[in-house]
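Working notes, beginning with the structure itself.
Just so it is clear, A, B and C label the chains in written order, and each chain counts residues from 1 on its own.
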Amino acid sequence: MGKIALSELSDYLAKSGLDNELVGEPDLVIFAVNTLEDAQEGEISFLANSKYVDRLGKTSASAVLVGRSDEAPAGISVIRSDEPYKALCMTIIKVHGHRRHPQWGVSERADIRESAQVGPDANIAPGVTVSENVRIGKKVTIYPGCYIGDDAVLGDDVTLYPNVVIYDESVLGSRVTIHAGSVIGEDGLGYAPVGPKWIKIPQVGRAVIYDDVDVGANCTIDRATLGQTMIGSGSKFSNLIAIGHGTKIGSDCMIVAQVGIAGSTTVGRHVTIAGQAGIVGHIEIGDDATVAAQAGVTANIEPGVTVLNSPAAPIADARRQMIAVQRLPDLLKQFRALEAEVKALKATIEASAATKTTNS
Amino acid sequence: MGKIALSELSDYLAKSGLDNELVGEPDLVIFAVNTLEDAQEGEISFLANSKYVDRLGKTSASAVLVGRSDEAPAGISVIRSDEPYKALCMTIIKVHGHRRHPQWGVSERADIRESAQVGPDANIAPGVTVSENVRIGKKVTIYPGCYIGDDAVLGDDVTLYPNVVIYDESVLGSRVTIHAGSVIGEDGLGYAPVGPKWIKIPQVGRAVIYDDVDVGANCTIDRATLGQTMIGSGSKFSNLIAIGHGTKIGSDCMIVAQVGIAGSTTVGRHVTIAGQAGIVGHIEIGDDATVAAQAGVTANIEPGVTVLNSPAAPIADARRQMIAVQRLPDLLKQFRALEAEVKALKATIEASAATKTTNS
Amino acid sequence: MGKIALSELSDYLAKSGLDNELVGEPDLVIFAVNTLEDAQEGEISFLANSKYVDRLGKTSASAVLVGRSDEAPAGISVIRSDEPYKALCMTIIKVHGHRRHPQWGVSERADIRESAQVGPDANIAPGVTVSENVRIGKKVTIYPGCYIGDDAVLGDDVTLYPNVVIYDESVLGSRVTIHAGSVIGEDGLGYAPVGPKWIKIPQVGRAVIYDDVDVGANCTIDRATLGQTMIGSGSKFSNLIAIGHGTKIGSDCMIVAQVGIAGSTTVGRHVTIAGQAGIVGHIEIGDDATVAAQAGVTANIEPGVTVLNSPAAPIADARRQMIAVQRLPDLLKQFRALEAEVKALKATIEASAATKTTNS
């Protein structure tokens, strides 16, 4: 991490499986990755799409990650590969690495109950609450203002950013990261009607988040009424997402901001759900399905299928409908024209029949 | 609360008005309620729908709450009733009860101003702020990280989960529960245009939440510009809900996650608003109305009416339109076919007329 | 600020450029502004729309801001002008002013690192974290529970309400106000696929918020992967808004609750985006454009254009389509009728042809 010579970066990419060609100054030392617009001398940038190759003329970057056949102006070194975006990701990780957290050790101003177990090398900030019987693994980082309720369990290498709230009995696997303000394991909307009134059903299940899950900021993941709400290993959430009670999400899903999934729904593995989409409760979404932005899913989705629209339909049907709706104003006009034509034909035929009758 | 024999549970349900029949071991002691999948020996589960009766064969539950005519395999005790879901709710309340909160008394590490009045038996955690002239009733529970602004009023038995923020002058009735991260009484989006700039209008009204309201996690309820934003008694909110300034919501409403209601709208009593629905400002929603998920309500709704779609329409109209749109691609094809047919007819008629003319 | 005689208020409005006429008691002292319903003796209210002039008969307000030709009942003083709403805004500012914050000075119970620089006249509450190398301007107010990460920069007169989280390296200009629970500069949803797994791309850019921006409660504004996410000066945000990584928003925009804008999109100046609208990534929204509530924007918008619907279309096209869809069920019926008519015509013609053939 830190400064790196271009030749060293090229070697690193090659050893990591990305065949590449360095054209320019191998000894040039770069210290940061940046956009073409913002990059300064000593920084490396990238060109994701060859059609914007003109932009290389305006950048102050010293080096650029480009495609196989992209040409850079004189004075800019390039690393050419078939996958410049992948080269970018690897370069960011190599040059910048991941966030270095503040180091608090276990702060004396954290409120940690005696019955709580905290593993070695913990990094717990002032103003954190760790309640009764909580069990925490090794090397966790917990920022200020986080609250961890009674009997909750956190695995190793968990990171909770500021003001995260983990309700009682929730379980987080290892390498789970939760961004600021998210809430895990709050009560779901469970009420039984008694006349016009609503009687609260105690939510006695819990929320379980498996290994390697990342959750964005200000999300809410309900605990289950009974049993478990589950977020499968490796799934990644953006911000302001709401997951209902008892819903089970598979591994390696990608869920974009402001998605809402109602209770008791099952989402398969490696499902992508785009921004602001909503999914009703008590249905099943198959593995590798894709839900488009703002879609409203009201019925099961088969594995691998892409749906869009509200109510959501498989992409071919939905597109046909959307195009048909766009043509609808024209259709209305054409329909009126056809009606008129039929009326005229009818008149012609009737006139003709009248003539014939007269002639007979 | 806690362990209970099946016979005792059956009696309790009967005394609470739910006629039932216990078949199996009356002395069996159950200690928890769970789902059919997750239940273990000594736990009771439920079968909400007779069509899934096969699942009873796979459960490890010792007892199950079932419908009148559901048959369980040997070895599983059942309590039969006409309303197994109601039986479930009552059993959860009986066996598990509601959450037992940590007990902090009034923490010395809470920041409570001298001018604030706090009623007896308060349970206020470290890291709570209670500002000037706040008045708090009896037996409240306030978790860490909550902030209560100047002149706010909280009734008896209020529960604020971690990191709830109550802005100055907000009023909460008795038995109000607010889940983690929700914000009550922040300024609404009140700006006056002066040329292209926006001048802030001080928001000098307040937010008032009546008795027995539950608010989920990470909601935002604006204060009014003038007067009051009001949430009626007994209404229940899920998570990530936005209520605009000056909006008034009636009693016993049920509002699902990610709903947004703009300012100065009036919602009647016992209205249900499903997930991600949006309601514009300055309109009226009648009592007992229902707004479907993702609906976009742009005009008043009469009492008792269900609306769906965006823009929202009464259910019969909306469904007719949705079905018509689904048929639209076929209609386009049929229309082209009919056009061709009319063209052919016209040609036939013209040919016939020409023949006749020739023949004459 | 505070009490003011009506004559003094009238003079103030006139001097501020709002021509007006006071009819009633010039010496009447008013102490607050309120709605017509809630106003009491000694308060001033307003009538925004002359068609509701009857309401003046029921108010207890002592004075009302009205339009040029509105007549009030005896006993109510009025200030008449061409712009009663503007008069209201100015009167609220004059009589009530903006919120007076609690005064903490720089609390000894705030956790401020030695490397942090805090300008004069700071007002920093207990339970605030100010991390390494943070730079803070003059006269800031930071409420309890706020977290400011390493290397962040805050300008003068910044206000952070409770539990706001500013991630490392974020930059806030002067007079920026952020309401409770909002999160600035969290990592965006940046992952590279490696087989079915997602590898995190370090988000090494930052979030920059320019002068005079207001952000509502529980919003989330991602940092950029590289470079900057930017919110232009004077823009105003409501609550629960999500801004994706690398997105750039121009000055003086008005963004309503629950809007989501994906990453790498550019929004021009003075754009209005209504509630729950969503905008995809990597597009451009022109200056002075308007996006309607719940719209789903999937392509560039030209300056000054208003779009609605999902997918969004310019207002004229969208309205035509919406009206056409509303008429679609009728069109289907009419189409069936026309089909039948054509069929009948065809039969007539065929019968006629058969007759002719027979006759020949």
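Going forward, a contact is a pair of C-beta atoms (placed from the backbone, for glycine too) under 8 Å apart; a residue touches a chain by one contact, two chains touch by 3 or more.
Being a predicted model, the structure only gives us computed values, none of them experimental.
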item: Overall pattern in which the protein chains touch one another (line/ring/star/complete/other); value: complete
item: Equivalent interface positions on chain A and chain C, same or different at half; value: different
item: Whole-Å gap between the CA centroids of chain A and chain C; value: 25
item: Per-residue overlap in chain C, given as positions that touch at least 2 other chains; value: 127, 145, 163, 181, 218, 240, 258, 276, 310, 325, 328, 331, 335, 338, 342, 345, 349, 352
item: Partner chain B, residues of chain C touching it in the complex; value: 32-35, 37-38, 45, 85-86, 89, 92-93, 96-99, 102, 109, 125-127, 143-145, 161-163, 179-181, 214, 216-218, 234, 236-240, 252, 254, 256-258, 269-270, 275-276, 293-294, 310, 322, 325-326, 328-329, 331-332, 335, 338-339, 342, 345-346, 349, 352-353, 356
item: Touching residues (chain side chain A, partner chain B) in the complex; value: 111, 127, 129, 131-132, 145, 147, 150, 163, 165, 167-168, 181, 183, 186-189, 191-192, 196-202, 204-205, 218-220, 222, 224-228, 240, 242, 244, 246, 258, 260, 262, 276, 278, 280, 294, 296, 310-311, 313, 317, 320-321, 323-325, 327-328, 331, 334-335, 338, 341-342, 345, 348-349, 352
